[in-house]
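Next come two complexes built around subunit A: one with subunit B, the other with subunit C.
Moving on, here comes the complex of A and B:
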C-alpha cells in the first residue's frame, strides 16, 4: 500500500545489491533508528534501563548466534558460555588497568579463541552431536569459572565492574550505557546484513545447506566452519562484556548459565533463523513478553477479573508464554521474521494477491 | 559503394520562414554543448541501465556518421533501418541525418515481400539493422535486390566473418569513424553543419492497407514544428522521462524518441527487450507515456484479473473505491465539481487503491499519459482518469507528424479529441472531411506526385477522416470519409463510428449498423455472451444458450437502454431507430467478419436479408431460418424467432 516499487532502477550492479533499494523500507529503518536514538527523551529510566537496554544487548547476542546457527547452520547450545568468557575476560582486563575499548576487544578475542577451540568439534560432528559438544563447552566453562577463584573471585562471588569510559565518555549514567549498547547492536546489524552479501556469507550459507556439496564447489568447510565459530564467538564475547558493563554492572556465574544458552537458542528460533530482524523480534519476544504477561496477569488479578489461586497466578504467565511460543512456531515455523516478511509482501503487492512463499 | 548525385529537389521555397540552421543535429549539438553531462538515454542491459550523456550521444552519432560516410552513404541516399528500439539504431538514424541521407525505418516483423518492395521503390542500398534475424532476412532478399551493398548491424551475436559480403558491425563502423575524426580535424565540425532544415529527416510509410505503402517524407522543419506546437500547448515539457518501446517505424517513435527528445532534452529509456517493456517501464516510471487504446485496455484487463484473484478485503476496497472514482470523474467531465466530502473520500481511495495501482503499472510519475490511433473505449478512458492519471487523446496522422489536435487538461470530453495545437489550422469541408494546415504537414509523398496531388487541396491536407465540431468547439472524429454513407433521406453517417460506440458497452460484442440508402438506421447486435451471461445470473434471468439469452426480454431491455444512451450522443439525423439481437455471433467461419473481426457488410446483408427486410417492414418479430455450418463442414438449419425493438428515435418518427 505504502510501498512504491516503480521508479526503482539501477545503473550499476552494486546499487542493485543495495540493502534497501525500496524507499519505504529505508524510511522504516530511518524511523526505527530515530526512535531508538530519541528513546532516552521519551522513555522513563525504568523502561529504558530494564526493557530497551537489555533488549538491545540480547538482540546483539541473538545476532551473533544467528550468524552461527542461521547462516552457517552450526548448532550451538553453549553460547552463554562464550559470552561469559567475554565478560570475565573484559572485567579482568579493565581491573588490570587496560582501557575499556581494548578490554572489549580482548573479551571478544579470548571468547573467539576458546569458542573456536570448541568449534573444532564441529569439523567432526554435526547436528545433535554438535549440540552435545557445545553443551560440554557450556558445562566446562561454567565449572572452570566457578572453581577457579582467580576468575570468579570465589565460589559465590560477584565481581563488580569498575568505572570505565568509552573513548572519553564515562560509561556510568543510564544514557551512556544505553547508547553504547545501541551502538553495538546497530554495528552488529549492519555487519550481519552485509555478511549475507559477501562471499564469506555465501560460503557459510553453502555450508549450511550441504557441507560436502559446498566442498565440491570449492568452499573449504574446514576454514569456513572455523571462521563462523571465530566470528560468532568474537561477537558473542564482546556482547557478553557489554552485558556485564552496561546492564548487570557486575558478573556472577549464574548470569551465563545453561538456561541462558537455551534462551538464546529460543530467541534465534522464535525470531527466525538467519535474519537480522528476527534477532530483534526474537530477543524482544523471549525477553519482554514474560514481563508483559506477568504485569498483565497481575493487573487482571488485582482488578478482580482473574480470580485464581496465588499459586496459579504465579504460573499463569509462564503457561501463556509457553503456549505462545508453540503457537507462533506452529503458525509460522520460520519465525517472527517470516511473519514480518509475509506482512511486508502483503503490502508490497497491494492490492493484488501476495504469495506466501 | 558508389552513389548517384543528390536527388533531393530544392524545396526551400516551400517554407521561406524556416531557418537553415534549425535542424535536429543542431539541437543535438546544442544539448551536447550546454548540458554535456546530463543523461540523454538509458538502455537496460542484463538488468541495469547504461547511461549515455548528451556529449556521448553527439560523439556516437558523429562517429557513426563518419563511419557510414566511409562506407559510402551519402546525401539523398535512403537507408533502411529495421529492428526493435535500440540506442545504436537511434544513433545510426541521426548519423544518416547528419550525412543528409534519409533513414527509412521498417517494422522488424514485416514480411520479406514488404521489405523488398520498400527497398526496390526507394532504391535502398544500405541497411542498418538490429541483429542476425534482420541480417538473415535481408541476405535472403539480395537475390531480388542486388543493389543492397551495405548491411550494418548492432548486435554481433552469430554474425562473425561476413565482412566480405558487405555485412559490418555498427561498432566497427563507429571505430572507423572515430579514426577518421581523429585524422581529419575539420570533419567533426563539417558533419555537424551539413544538415539543413529543408532536408528530409525521416521517410515513414503509410499503412498500405490499399495498395503499396506510400513513402511519407518528414523534413526537419516539419518534425520540429510539430514538437514545438505540442510543447507550446504544454503537451510535452522539457526533460521528460520517456520510454521508447513503440515500433521505430511508427511516426510517434520518431517524434517522441528522436525529435522531441533532442529538441526538449528528454531522457529516452530503451527497454531490454520488447517482452520486458512492461517490467522495465515500472523500473523507470516515466513522466510521459503513450500507449495505444488497445494497450490501455490490456492494462485495465490486467488490473481486473489481479483484483479478481486477490483476497476479499482488497477486492472489497477496490470494488468500493473504483466505481466511486469513476462516477466522480464522469461528473467532473460533465462539469460538476465534487464536494469536499467526496474529495476527502477520494483522498482515502487514493491512499488505499489508486496510488498503489498506479505504482503497480509503473505510472506513478506519469504527468502526461496519452493515447491516439483509434477511439478509446469510454470505460477504459474513464477508468484511467479515475485512477488519477490525466489521460488525454490526441489526433493526427503520419502526414502531419501525428500531432495536430489534442485534448486540453481542462476540457476533456468523452466524445471529442480536443482542440488544434497552436500553429495548426483545422477546418471541416462540405463533405464533412477534416482538413489541416500547418508547418507540421508534410510536403508530399515520396516520389509520388499523383498521390501528393490527391492529398492536398489549396494547401490544405486532406486527412480522409470525417469529423465535426461539437457544441463546445472541440473536434469529433467520426471515421473514414470513404466509409461515409447516406440514408435515403440524405443523412450522412459512418456505420463503424456508431458500431464502435455501441461496442464500448460491455454488453455488446459486435454490432452492424444498416441504413445506407434506407429510410432510417437500424442495428443488428451481438450480445457479449460472457458479460450478459454474468448480468443474467446476477439478475435471475434463466437461459439455456446464446440464442436463448439474446431474446430474453430483460436482456433486450438492457441492450435497448445501452443503445438509447449511444443515440443520445448522436446528432438528430443519423440515430438508430430499430435493432434486433442476433441469435448468434458474427462468425469468421461464416464469412461475416474477417479473422480480425472486421465486418463484411455484404455477407451480413445477404445472410440476414429476411431480418433486415423485417426491420424495415416495421414488423415486431421475425422467424429466421438460420443456416448453421458445423465445424465438420455439415450444414443444418434452425428456426429462431427474433424480436425487433423500436427505439425512441424510431417512435418519434411515428
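Moving on, here comes the complex of A and C:
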C-alpha cells in the first residue's frame, strides 16, 4: 500500500527520532497543512469563521489540556478557568496600551502563575481528590471574575476586545484571525510532539505510569507535576486570549464556565488521551458533530423522511450525539486517535494482518 | 564496621505499626563486590532495600552512601547520588517503548524542560542524540537490540526484567540494587541474567546489592551475603559459610542440622 516500513532505513539517530519517519505520514501532514493554509480560498466565510476557526482554537485548548491529563496524568476539571484568566489578562493588558504580542504572552504568564499556584495546593492530592481541587479552582475563578468589577467590567458585562495588530498585521478581518489561530494551533502541535519525544515528556509519562519507579530513577514527581501544570496553564492562557480576540471578539464570564471545562475534558477523552491528533479529532467531534447532526436531522425532516414531532426533532441530534460518544468510547476506549492508529497500522502491514497492538 | 564501604547501614530499624520489619541491621558493602540479601519471605529484605532507596526511611539507624548520610532522603535525591534499583514486580513505564524506558535512566543527566522541547533542533534534539549514544552502549551490553523499538508490554517477562536492568544501568549508578532480578524466570533466562549482572560488575565497575531466592545463583555470584529472618540479621559472610550456619538452617527448614 502507500504506507511502507520496508525501505525506510535510519542511519542517524536524528532521523530515527524524526516526528514523521515514514514518508507517507509526512505527505499527509503537508497535505493537511496546505489545505488549512488554503482554506480561506475555498471555504465560505461562514464555514471558515464559525467552524474551522473555532475548531483550530479548541484544538489548541485540547492540546494544552492533554499535555496535563494525557502525558502527566493529572486530571484537571477547571481548565476553562485557566483560559479565562488568560483571556481577561490579555484584554486588560491591551486596553492598558500594551502591544498585542506582549499581551498574549502576559495572558499566558498570568494563567500559568495562577494555574500553578492552584496546582501547588491541589497536587497534594491525587485522582478524584485532584478533580475536586481543580473544580474548586473553576468556581473560585468564576466567582472572582463575576464579582470583581475591575476584571469583568461590572455585573453581566461584556468586554469587547480592542482593535489589535499582530506584528504589523491587523487582527480584524476574518482571514487574519483565522491565520493567527491556525498558527497557534500548529505551533502547539509541534511543541506537543516535541515534548513527547524529549526527556521532559518522558518524565511526565513516567510519573503518570509509575510514580515510584519514576522517583527511583531520579524524577522529582512534585516538580514535574508542577511543571506540567505550568506548561499546560501557559498554553491554555494564550489559547483563552486567542479565543477571545480571534473568535468571540469579546469576553463574558459565561464563555469560560464550568460546562466549557467539561467539554474540554470530553474533547481530550473522546479524541484520545495524550495524542496530538486526538486533540484535533476530539475538538472536532465535540464542536462540530452536534452542528452536523442538527443539520442532518433538519434536512431529513424537511425532506419528509423523518416524520416525527417537532419536540423530538429538536432533541434527536442530542440523543444521537450522546449515543455516539458512548459508542465510540465503547468501541475504542483509547479514543478517536486510537481508531486512526488502528487504521494506519492496518495499512502499514497490509496485506498481512498482524501488528494489531 | 571498621573500614568504610561504599554503602554502610548501621543499626537500621524500621517497623510498621506493631510489625518490627527490620531490627538493628548493619551491613557494609565494599566497593566492587556483589552483596546478597537472603532470607525467607517476609524477612525484611525488601524493607531494607526500600530503606536504602528512600521509600521507607528507617526510624532508627543511619545509612551512608560513599560517606554521605542519605538516611531519610527522598528517593529521587538518592537516585541522583548514584544508586539505581530494579523492582521485584517489573516496574517499567507501560506507555513507552523499550528505548524510551532505557532513556529514562539518563534522566538525572539531562535537563528536561518545556523550553528545550520548544527549541528541539537546537536544544533538546542534541541532548537526545548525545544520550542515545550512551543508551546504545547499555543496549549493546544487555543484548536488547532486537526489541529496542517494541512497546514494553508486548515483550516477554524475562526481557522486561532485562530492560529494567538496562534502565538502571544507563543511570551509571555506583551502587546497583536488584530486588529479585530472577523471580519467575526459567533456567536459561536466569543464566542470561547472571551473565549480565557479572558483565555489568566487571565492565562498568558497579557494586551490586542483590536480593535473590535462588541459592544456586547466590552461591555462584555473591562475594558475601546477609541472611535475614523476621527482620533480624542471623548470619553474614561468604555464601557457603553463611548458608551452613545453624541459625540459617533453622530458619529455612525449621529443624536442627544434626537431625538430618
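The criterion applied here is as follows: the second predicted complex is superposed on the first by the 353 of 357 C-alpha atoms of A that agree within 3 Å, B and C clash if a C-alpha of one lies under 4 Å from a C-alpha of the other, contacts with A are read in each partner's own complex, and residues count from 1 in each chain.
Assume a residue touches a chain if its C-beta (ideal position, glycine included) is under 8 Å from a C-beta of that chain, and two chains touch if they have at least 3 such contacts.
Remember, it's a predicted structure, so these values are computed and weren't measured experimentally.
Participant: Overlay done on subunit A, so just call it for subunit B and subunit C: clash or fit.
Facilitator: Fit.
Participant: Quick check on the superposed pair: does A:198 touch subunit B, subunit C, both, or neither? Answer first, second, both or neither.
Facilitator: The second partner, subunit C, only.
Participant: With both complexes overlaid on chain A, does A:17 touch subunit B (first), subunit C (second), both or neither?
Facilitator: A:17 sits against subunit C, while subunit B stays out of touch.
Participant: Can you tell me whether subunit B or subunit C touches more residues on subunit A?
Facilitator: Subunit A has more residues touched by C than by the other partner.
Participant: Which partner does A:215 contact after superposing on A: first (subunit B), second (subunit C), both, neither?
Facilitator: second
Participant: Tell me which partner A:352 touches in the superposition: subunit B (first), subunit C (second), both or neither.
Facilitator: After superposing on A, A:352 lies in contact with subunit B but is clear of subunit C.
Participant: In the overlaid three-chain picture, which partner chain does A:310 touch, first (subunit B) or second (subunit C), both, or neither?
Facilitator: It touches nothing on subunit B or subunit C.
Participant: Could you give the angle made at the Cα centre of subunit A by the lines to the Cα centres of subunit B and subunit C, to the nearest 10°?
Facilitator: So the angle at the centre of subunit A is 60 degrees.
Participant: For the combined overlay, can you note the least CA distance between subunit B and subunit C, rounded to whole Å?
Facilitator: Between subunit B and subunit C, the minimum C-alpha distance equals 6 Å.
Participant: Where on subunit A do the contacts with subunit B and the contacts with subunit C coincide?
Facilitator: Shared contact residues on subunit A (touching subunit B in one complex, subunit C in the other): 13.
Participant: Which residues of subunit A touch subunit C in their complex?
Facilitator: Interface residues on subunit A, with respect to subunit C: 13-14, 17, 191, 194-195, 197-203, 205-206, 208-210, 212-221, 224, 227, 230-231, 274, 357.
Participant: Going by the contact rule set out above, which residues of subunit C touch subunit A in the complex?
Facilitator: Subunit C reaches subunit A through residues 53-55, 74-76, 79-80, 84-85, 87, 91-96, 100, 103-108, 110-114, 116-118, 120, 124-125, 127-129, 131-133, 151, 154, 167-168, 171.
Participant: Using the touch definition from the top, list the residues of subunit B that touch subunit A in their complex.
Facilitator: These residues of subunit B touch subunit A: 42, 47-51, 282-285, 306-307, 309-311, 314-315, 317-318, 351-353, 356-365.
Participant: Taking the complex as given, what residues does subunit A use to touch subunit B?
Facilitator: Residues 1, 3-13, 15-16, 349-353 of subunit A touch subunit B in their complex.
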